[in-house]
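Pasting the structures in now, so scroll down.
Look for subunit A in each of the two complexes below; its partner is subunit B in the first and subunit C in the second.
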Partner chain A sequence: MATELQESRPRSTPTSSIQLKYSKDRKVGEGTYAVVYLGVQISTKRKIAIKEIKTGLFKDGLDMSAIREVKYLQELKHPNVIELIDVFSTSNNLNLVLEFLPCDLEVLIKDTSIVFKSADIKSWLLMTLRGVHHCHRNFILHRDLKPNNLLLAPDGQLKIADFGLARSLGNPNEDLSSNVVTRWYRAPELLFGAKHYTGAVDIWSVGIIFAELMLRTPYLPGKDDIDQLDVTFRALGTPTEQIWPNVSNLPQYNALRVYPPPSRQELRNRFSAATEKALDLLISMTQLDPSRRCDSTSALLHDYFLEAPRATNPNELPQKREKKKPSNEDDGTIKRRKL
Partner chain B sequence: MVILEDDRSQDMCPICKTDKYLSPNMNFLVNPECYHRICESCVDRIFSLGPAPCPYQNCGKILRKNKFKQQIFDDLAIEREIDIRKKVGAIYNKTEEDFEDLKEYNKYLETIEEIIFKLNNGEDREKTEAELYKYEQEHKLEILEKNIRESQKNADAHKYKEAMERLKQEKLKVEKQHELEDLEYQKQQQQELLDVLASSNSTASAQEIIKKQRANASKRATLRKEQLQQINSQLENQFNPIYQQKLLEQQLAASKVPFTPFQGDRDLHKQYSLLPIPTEIDKLMDIEHHISDSYNDPYLNKLAKSKEYLGAGWRLTTVYERALDEAFIGLGCIIDQEKRPQKVDAV
Partner chain C sequence: MTEQEKESENGRTEEVPKKQYISNDDLYRRSSQFELWSFTQESLEAKKKQANEIGRRIAKQRFDEAYNKLKQENPTIFEIHKQELDANNLITLLSHEEETKFIHAYCQNIVQTADYFRMPTQVKLTAISLFKKFYLENSIMEYHPKNIMYTSVFLAAKSENYFITIESFISRLKDVKQEDILDLEFKILESLKFTLLVHHAFRPLYGFFLDFQAILLHPSPVMYDVSIDTLGSLYDRAKKWLNEYAILSDVAFLFTPPQIALAAMYAIDRRITERYLKEKFLDDHTVNLESIPEHNDDVKEEDKDNEALKASNESSNQREYCITLIRTIRKCIKLSKLDNPTPEESKEIGKRCKAALNPDKVIERRVKKLAAPTTTTTNTTTTTT
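What follows is the complex of A and B.
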């Protein structure tokens, strides 16, 4: 538990010395509230990404997600969480210096020329769960886990990024917004408008990502929020008071159509390459009732990670194919990140 | 056993009298029960509805359709012996590696031959058959195991054969490519030689030029040979099962490092222990009566009973755990041991 205190990073550095510390080489992407530059940390020659947040645009000061990102990334240091190297401000801007990560998991999932071995999937899931575990033991919910936000370092390490929606669990009576997490990865309690959810929402997202890694296509692609409910329950059964006590007390609960829960054989057919242990883990991560869903600790201790084949070493994992112009490709992947 | 003498009857089904001459597509089948030849359409007609007696006069053996097969040998005596061999071989399926020495293996083969002879020549046939059946029952597991082992071996051999085949093809491909390249190179060289000879005017230098050209060519040839060898050895490594075995061993060695789910980064020894707090829903609904010897916070108790909170997965324990974790979070750190000064703040 002590890791978060192991190193306190400089909160901000005076502007004059900034030019000496980092170089801003070229712009690689622009979003509504930030511009991303590629740069180098002068002292170590390490590649970095500088996220410059536009401040003038907002009347109420800084954008909320920028504050969140700084607030939580400063507290987390873990091999599977993106590193916030520095924060500084120039004239009117706030700049976040982040680790440079050239690829994300979504790119790999979509590249059909890459074959995923079951050991590769295990390795990515393991690294994701380790990162999530670190967030959760520091009482931080990520709330936007999806393949697009799981970035891959050149050495194969997977790092959780984009803490723009993250928050710490507040007072017990405080309401949380249920309008979080990208729709396809949104847990059923969020779809029902729950305001007092737990880390289980992140575990659900990881479970859906696990399924997506095996299927190579989104598992529950809802067209809109209502359709998402339908798609989710068609795949996993409609929750009832029996399997999820008190579900009907959630604000936006409606039973819609009642689908039966899938039998194990049905799931076996759906994930034909999955072993029985993999299915066990998937089932326990995608329990409809959040109190029955496993937490990150028990997921990491699951037998799935112990059975053969062993998780691939990160540096042996499949990587994005180099194309003729690698520089152009870098642009593409960085732009994909939410700015 | 009926052996038909003349050729005409050989081509005619004795049941339906269909002639091979008139319907050239007809096939004859025999059943190992009595080895009477019957044409395919008769088999279909008579035995489709289940077991029936052999249509030959004075035979009367009950035959089943699935046992009918095409006759391979003209001589039915041989056909019959082979069937018996197959049948006995499936039961007595040990191979030489199962015996300690050759003598015992030979003894085993001798018993097999004896059984086959007895079955084939009708000498104590029923008794031998009964013995065979008894042996099968007694050694059922052994036979099955042996079967599995054999089939695995065959599969391995098959894989090896396939890999070798692929290797051969790859080698051929490379050789062909080289040949083509060489041909082109030769042509080019010749052209160059002609050009040089045409442009130079002294006759003495002509021979020198040709010599140079030849030296060049031979140099290239040796280089080529080396290249080819290298490629071949590379390919062999790629396909050689022994090489792949090595790879596998390497992987195994790597897996001897124990797996740590948390990479050693996990707090197993909490600084506190939590007093018992109910987690079951029906106990939570009546929480005041279940925490008499535990921490009592009326405000949180009220939240713990809220159905909306319960439905969203919210539990009282997590609140207490968090409060205690945060209270004790700095206690494991010894600042002197850390390199940089710590900034201790509550989350």
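What follows is the complex of A and C.
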């Protein structure tokens, strides 16, 4: 079904000619609010993914996550954020033309035949933090960071994707929803139902992803929202007024089992391959009190990134191994909302 | 560090070029608001003219179709009343100036609608912004502002996380159907070139409120008659000023949000704002900023200032910077004051807008009127007898 025509001007392309600017080769996935196709940008032969958002399906018009995704991706141009190449409409459907990213970090973490060197982990963490830093300096919170939203380009670059839950850092008097971020990566202030929070929720997620990269298994896999609190505090200690002033005023803070904070030795045992500096950074990103958690700037300037080994060049990072069945090839690009 | 030291250090580090520091201004310059929706006065005017021309073309076409259809249906009347039914005399299309006036007046309705729904300021501001951007691409002679206004409010509410269901939105409005809004939502998004993030002047205004305190009150008060209360009331009045003037005018297309915010402070209290700028940018506080002549506040002068800025040394650079800034915000204040249409003028434009949108009704009415006199006369005669 590939169709062709000439290149027309970017961004505000008229509906009529745009369908001919890209080929839509095959459908690779279908979610509740979008269908994803693989295709090619005719003029550059560049591989692309077209996310066709079903409008008219929602009784309230354009879907909120579609609005968010378009709104924020239009503003965020960065090597570590998925590129929104174009937006166009076909018969009242919204089409997002995104760069083609064949794999994601979750796929690699789960593939036990691949060995992660500590320099590889450093490289992925660095790219994640750079992307997050770019969001935060534009006053945008991602609010759904997890390994399968960290997509990998053929050249090894890591790209933050799925901005369906993102939002601008609100005014201080504005309430935010605490029901964000996929459970295992949800910061304690969100678990406690905080209505005001900051970029620290994203940093927590990155910290948990860092831990998962080292462990090769989810660090805090709670079975449900209640269990998530238990799992989190068993690993990192139950927050008290001493270490987190005013924590007991948060809506969901009650009847907690009290676990002591882990000793340095316990963490060393759990993350046996981590250097002292890696452990320092992990601890800094997973501080229970969000105001003590490091921000993206101080994380990027952390000594961990200065000590040997140097982060692996993106194009030398481990890649997904070729699978025999081509039908599985695109698993990573198919995004289904988990919330 | 002196200039020479800086240079020599730069010389040493030449081999390993340091990554350029990215300032907030750099980030702003990459925003869609700056890239797609910021204009000079001339380019904004041109954009409006272009939208108006498209509108005129569409309205003309629509008129011609209706005219020819009715002419075919009523050949005799068109023959008898050639002059009354002359195509050139039936409707007068709107100029781009008239469109602008009408759109600005309509923004007031957005404010009322948003207030009626008790929506946060952010939603109100974004709705106005979406509405105005729509009419940089389209004409009111193609899309009547009423439904575009409601749809802008509905879309802005979603975009600013203040979701309201279509039913509850509709149920509190008069004469609007669900599909009126849902059908237009997409069209608006398209006209916006799919950009939704809007930076407003209120956040930077709050920033200036804090910085005024830091600069003018700490560690000790700089002006004997300026206290935290003075600044608090200045801030409140500046907010009001933004609501009253800036948000309805076109300044958001011409200036950055911090410039507009500073203009609001300056419009309310020139003395305090000038002192703040002096304290912040100038070592020599005796420089008399008030002496900047008003009549020089135009673009050409600014260009000259920029030249001077490059040529001169650090301290006079700062002075020039400050002067350029003041000129810019003065210009912003000037352009915030709208030439609002009178109610009669508004009504007249509204009428012509409707006529352009529904030429068939205008022509039909005229045809009926011309065909009717006999019946009307008989009617009158019957009542009088």
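Here is the rule we go by: the second predicted complex is superposed on the first by the 314 of 339 C-alpha atoms of A that agree within 3 Å, B and C clash if a C-alpha of one lies under 4 Å from a C-alpha of the other, contacts with A are read in each partner's own complex, and residues count from 1 in each chain.
To be clear about the criterion, a contact is a pair of C-beta atoms (placed from the backbone, for glycine too) under 8 Å apart; a residue touches a chain by one contact, two chains touch by 3 or more.
From a predicted model like this one, the values you see are computed outputs, not experimental measurements.
Novice: Using the touch definition from the top, say if A:E174 reaches subunit B (first), subunit C (second), both or neither.
Specialist: It touches subunit C, and subunit B stays clear.
Novice: In the superposed arrangement, does A:R310 touch subunit B (first), subunit C (second), both or neither?
Specialist: In the superposition, A:R310 contacts subunit B only.
Novice: Thinking of the overlay built on chain A, is A:F116 touched by subunit B (first), by subunit C (second), by both, or by neither?
Specialist: A:F116 contacts neither subunit B nor subunit C.
Novice: Who does A:N92 touch here: subunit B (first), subunit C (second), both, or neither?
Specialist: A:N92: touches subunit C, not subunit B.
Novice: So in the superposed three-chain picture, is A:S291 touching just subunit B, just subunit C, both, or none of them (first/second/both/neither)?
Specialist: So A:S291 only meets subunit B here.
Novice: In the superposed arrangement, which partner chain does A:F271 touch: subunit B (first), subunit C (second), both, or neither?
Specialist: Once the two structures are laid over each other on A, A:F271 reaches no partner at all.
Novice: Scan A:Y259 for contacts with subunit B and subunit C and give back first, second, both or neither.
Specialist: In the superposition, A:Y259 touches no partner, neither subunit B nor subunit C.
Novice: Does subunit B (first) or subunit C (second) touch A:P245, or do both, or does neither?
Specialist: It touches subunit B, and subunit C stays clear.
Novice: Does subunit A have more residues touched by subunit B or by subunit C?
Specialist: B
Novice: Quick check on the superposed pair: does A:E75 touch subunit B, subunit C, both, or neither? Answer first, second, both or neither.
Specialist: Touch partners of A:E75: subunit B and subunit C.
Novice: Mind sorting out which residues of subunit A both subunit B and subunit C touch, each in its own complex?
Specialist: Residues 75, 137-138, 168, which sit in both footprints.
Novice: Which of the residues in subunit B end up touching subunit A in this complex?
Specialist: So the residues of subunit B in touch with subunit A come to 254-255, 259, 261-263, 265-267, 281, 300, 303, 307-315, 318-319, 322, 325-326, 329-330, 332-333, 338, 340, 342-344, 347.
Novice: Taking the touch rule as given, give the residues of subunit A at its contact with subunit C in the complex, in rising order.
Specialist: 11-12, 15, 55, 59-62, 64, 67, 70-72, 74-75, 77, 87, 89, 92, 94, 137-138, 167-168, 170-171, 174
Novice: Which residues of subunit A touch subunit B in the complex?
Specialist: Touch list, subunit A to subunit B: 1-8, 75, 78-79, 126, 130, 133-134, 137-139, 168-169, 172-173, 189, 192, 194-198, 200, 244-251, 253, 289-291, 293, 297, 300-301, 305-306, 310-311, 313.
Novice: Please name which positions on subunit C make contact with subunit A in the complex.
Specialist: Subunit C residues touching subunit A: 22, 24, 27, 30-32, 36, 120, 122, 154-155, 158-159, 161, 163, 165-166, 181-182, 185-186, 189-190, 193-197, 203.
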